[in-house]
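The structure that follows is given in the form of structure tokens.
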């Protein structure tokens, strides 16, 4: 019977026509194949190749920073990006704005039965490109499949690990009255790009999501030597939520100057049309930084010198305020509070 | 107007009657409140209290091990556990079986609109207990809400970080012909406990999930000084999948002795009733270890001395086999292959 | 944005502010009510009060269609979603309005109700076409601006023979509400409102014209300026009101000449009166029952009337006792006069009508103006 | 497990193995066909062949209800789920059977078909009761064991007046299939099968009794032993067949006296003949059209017949050309004789019928016995 | 809710449907409530419907009036301070 | 699919419904296909239905027969090796 038994018992995955089915999450050969042919194929590296329950990383030195985000954006593909690159940026940025150098990512995929493998492949490729661009490696992953109607295509939860350079210490509770508030670029691009593709809203806006990894920008900012107190990426809840968080953590108030806040005219128009405030809209490639007033110019110069900070602006100042209010001088000449988003939420933007 | 303005602008969450709604994921005050009142309340610690985008951990030394798992178990509450403790154990164990000491966890929650806050609170409390028992701290988290019908109550993705003691090196590719295969206890308890609660299967079985953190056991095993090559927890896909993985990674075959494999009679009966093979059923508190043959007795003794290894057994041996087959001498006296699970998958057990 | 940005110009605002400051008389107070929530929102969001002299005070009126919806009406919508299993389509604004039993449409949605936000009533028609096996109800709220689109949709459903579409009509009328504020029994109990003039909503007048306000000007000797919703429009209207007061005039003036005429949009008016007729009485949150203040669907379109179709019976439900909305909507009290403002009642958990929409007096103050209270405390 | 574990005892197995080894004659081969997939599975899972002398060979027969379902039948089930929008209830075993267009029920489910695994037909009845607005179809497959429960369910649905429940009947008959193996046109083309005796499925005989096999024993001079599904039952049956062969007997013997009688379960038989009647012909995978080999629902229960209710037309679809199932099911070839065994055709992506269920010859060999091929290659 | 915005009509399709542009963003609106609207006209859009046309000449007049108000001698002499109660002024 | 298992009837309810026990696991089954089943009887369960009763005496007889077969002198002299082709034998 020699020669009758064939090697290579596994048929290649039909990425073009196939769909995720329950067997892809069952722990059997179909799952192994999905992981091998699709995930490892695009995201593979020496760490993922270890193939163990956990991944062993090289000896580390210094203080570690970890962060995690689940990504449930809808639609999965949007102008300027998709859930794949978003899930890399969303976590890389949280590590980067701590002042750390992001090095490793893990990813947990929750797939809905019926999801086209071709779309999944596009998402995974996009993740791979984003990870490469950000200089991070995917070192551990997991895949689950849920029945149709128990998920929404793909959810991706990423966790990022990075290390803090000596001497760097940023935190939301370090803002002090007198500090300057800087923003790295235009507000609202991501949220509006997502909204423009919502089935029940569909409007046409020439707006791309700003989704991007910010670790290059943060590195340049740290290198400037400015006394940065805190950096944060104004994602869900927008600039309003981010500044309110910082104000509460630090026990200070913040005064903004509306005229100084960069917003693209199209974003402004879309917000007008939908009755939204750009300060509440999510960004995925912007950061806000608070630094000592005397270093504001230096930091701003460093930001503007970086491609991701060209439109950076000084937008306000930290003030003493036991109520921790964020207030804004309006372009119109009056004042108002800038509060947390309440009212109609904008679901599933990240 | 002194005295007219009140402090404490946030009403407490109605955990008893409330449900998750879209505003709990919108990035506004409702989300902050859910996180504060529920997650931070139970899971809080000095790290989570930092309240930044990423969490800064103490300087680390040594090789780090990371692992991630998304948990989508259905039902969410099952005999012996729930998705909360499972999501801790599932990741802690992956770090522990690498030989590492698990220290930190991150958790990403994907909540379905309409999920009762009371159930969520039970889950979070269970996570907190499990984390405490395992000696790990939740250091970062994220919460998203998806519309009803786009999720299934709660999904939890956890990532674990641990550190390897000096000199420990375990990996699935280190099994060598002649090595002994050990199992820490009875097979199939978790999977059968879950199945017993499936609406369309409902049978009554006095079986509790074995879900538990194994880092105590793994520490005891490492302390025994036995030359352990690999440890792995036979979760999704069961012992069959785990041993096939190891066989392929190491390029060896494995011979099992069915008579030596501990299985509870009730688990055996439930499998009989459903036409399932206990070797394919998931476990969440068991591990398989491969060690040098000469150290098998010592390791077995160490396992049996630990409460989680009382039923530990020597179940087989590594052999030379270019086909990497896992074979088993049946209790009946014949032989058969032990293959990956194929055929009807058992969805959503972890 | 053409015809938007120009009307938000800070420099021009400064000039207008100076003009107002120059024209007000130091020996008197000017209390003006902006009837419409759109104005309330614009005033708060752009910080208009900072540009006004201290003796010019803006009183927020009841003109927010979300704020004035009584609990019983939301209860009906929830009942449709949870008990009659319909797809309930609604403008997003209604989702958080408190209803009976601690519910709201958002919470009813979380309990499994199929409740969908729409941007336009045409989306509800589309949903009805796409789900012929389901009943689709459009929860129609709004003043005279929002009514004509509903009328168009009902006529279109009839023309198409759409069998599964109906409307829960809660359209209300601006002039009746203003009149109620000026003369109702309740108003008298709460004390007379010291209103020196009204800013009328331009958008309503694009439809009904400026003429319906002549009555107030003449009967109650109140100046009215119909104004646009941009902050400069509001400033300009205030200037015009200050002048009327100073000159002892009580006229209807039109600041929004760029889109408002005396007679309004007669095509829209005709559509509305073809489909709707006056209700004998309608309950408003904060105002109580107001005669002839709302519309219902005419007999000829009975098939599209969700109230008839599902045999709904309106059940009035008393508002939270602590809620001062009634007095606030009349300008007798301010949001901070309410004992539960900002503690029990917040935009996340509104207790009363004014805290729901960002156009409500309490919500606008909470979201945009809370800092002022702190300053007075400090 | 009482009456289970005792029949899996390794010590007794050793004795039986020794007895078989002692009784077989070295000068001849013994080719026995276990008709039923349940036996195939037991033989593979417990490693029975390791306990048999080399000249006793077990041939896997066509008695797996999953394996014998032709593509066209799965196509009908998929059509019901995807085009007629029914809730299709099925035993889990059918989910991966390959159908036309690269589909399977599992893939149709992934495409949005409402396909639900049930453990018993009573679960399908419950689903029908719970979803009065949906059509619920039970995909009824199986031999004589599974047919009586379907009959009970149809009668119950009629008694309850359940209007939305029907059955896609694919019940097949054991004796007809065995006869086909022995004498069909196709069998003659593939060469005569050198079968020295049959192991008959005990479970089928709990219903139909042992008597229907008398025909084979007499007509074809083939010994038949009706045996249970535990490995000791199989060993004992083999010993009994060896003895018959050695003694030149061709009788129907009953190893499963603990539950099989000559006449079987007459209550079940009556129920079956009340609800079902013979089909003139039915296509089997691997065997082709086999006359009078399956059941259909009687006229009196036409309302519960999904084929009539949804006007389904059976369309035969040729099997994959490379598939050798036909020859394998007759014992003429072995799984490894198939060119695509284990490469293109695997349990994850079965091409032919025998690779689908763990009771199929190819699947059982792939899952439990593949190592043996390697040993012969090595 | 009371959102109503002037937008320019850039395309008119059948059945009273049109596309309007606001600062580069385009949206479907219904023209069922207005008459004789042409491409290039500005309309006031509310919940997906054009409520009325906007008269550019009147808009200019209003703007001129507003600008003029600030030019009166009394007005020029007064200014309003930013953040009157703030503890730090903006720069 | 062809799964059919002997289980003990532990409870009989109305409408032909019963609960059977298999090694401590309990399951609903229908008795619609069998007659006169009593609590304590063993039945053969298949797809949720009892197909027939199991006769304990016959089971014992069969087991005795099987045990006996191995006791014949010819049988005793032969044994089968485990893992005949394996490269390592089990212990």
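By written order: A, B, C, D, E and F. Residues from 1 in each chain.
In this text, a residue touches a chain if its C-beta (ideal position, glycine included) is under 8 Å from a C-beta of that chain, and two chains touch if they have at least 3 such contacts.
All of these numbers come straight from a predicted model, not from anything done at the bench.
Novice: Farthest chain from subunit D, going by mean C-alpha coordinates, please.
Specialist: E
Novice: Taking CA centroids for every chain, report which one is farthest away from subunit B.
Specialist: With centres defined by C-alpha atoms, farthest from subunit B sits E.
Novice: If subunit E and subunit F share one sequence, what is the angle of the rotation that overlays their CA atoms, in steps of 5 degrees?
Specialist: My answer is 180 degrees for the C-alpha fit.
Novice: Suppose each chain is reduced to the average of its Cα coordinates; what separation in Å results between subunit A and subunit D?
Specialist: For subunit A versus subunit D, the centre distance works out to 54 Å.
Novice: Roughly how far is subunit C from subunit F, going centre to centre by Cα mean, in whole Å?
Specialist: 76
Novice: How many angstrom lie between the centres of subunit B and subunit E, each centre taken as the mean Cα position?
Specialist: For subunit B versus subunit E, the centre distance works out to 59 Å.
Novice: On a C-alpha centroid basis, what's the spacing between subunit B and subunit D, in Å?
Specialist: About 38 Å separates the centre of subunit B from that of subunit D.
Novice: Would you please write down the residue numbers of subunit E that are in contact with two or more other chains?
Specialist: Where subunit E meets two or more other chains at a single residue, that happens at 1, 3, 5, 22-23, 80.
Novice: Which parts of subunit B, given as residue numbers and ranges, touch two or more other chains?
Specialist: 22-23, 28-30, 265, 268-269, 272, 321, 327, 329, 333, 335, 342
Novice: What residues in subunit D touch two or more of the other chains?
Specialist: 1, 4, 14, 17, 50-51, 93, 96, 119, 123, 346-348, 357, 370, 374, in rising order.
Novice: Please give all chain pairs that are in touch with each other.
Specialist: A-B, A-C, A-D, A-E, B-C, B-D, B-F, C-E, D-F
Novice: Residue numbers of subunit C touching subunit B in their complex, please.
Specialist: It is residues 96, 102, 106-107, 109-112, 336-337, 341-344, 346-349, 370, 373-374, 376-377 of subunit C that touch subunit B.
Novice: Which residues of subunit B touch subunit C in their complex?
Specialist: Residues 1-6, 8-11, 14, 17, 19-23, 28-30, 33, 113-114, 148.
Novice: Where on subunit A does subunit B make contact in their complex?
Specialist: 22-23, 25-32, 50-72, 74, 93-95, 97-98, 100, 104, 106-110, 139-147, 149-152, 155, 157, 159-162, 164, 169-173, 230, 232-233, 235-238, 241, 245, 249, 280, 282, 340-342, 345-348, 350
Novice: Where on subunit F is subunit B touching in the complex?
Specialist: Per the touch definition, subunit F meets subunit B at residues 1, 3, 5, 7, 22-28, 45, 80, 82-83, 86-88, 90-91.
Novice: Inside the complex, what are the residues of subunit D that reach subunit F?
Specialist: Touching subunit F from subunit D are residues 1-4, 6-7, 11-12, 14-19, 21-23, 36-38, 41, 50-51, 63-66, 91, 93, 119-123, 141-143, 145-146, 148-149, 152, 201, 203, 206-207, 229, 232-233, 235-236, 239, 255-260, 265, 267-268, 271, 357, 359, 372, 375.
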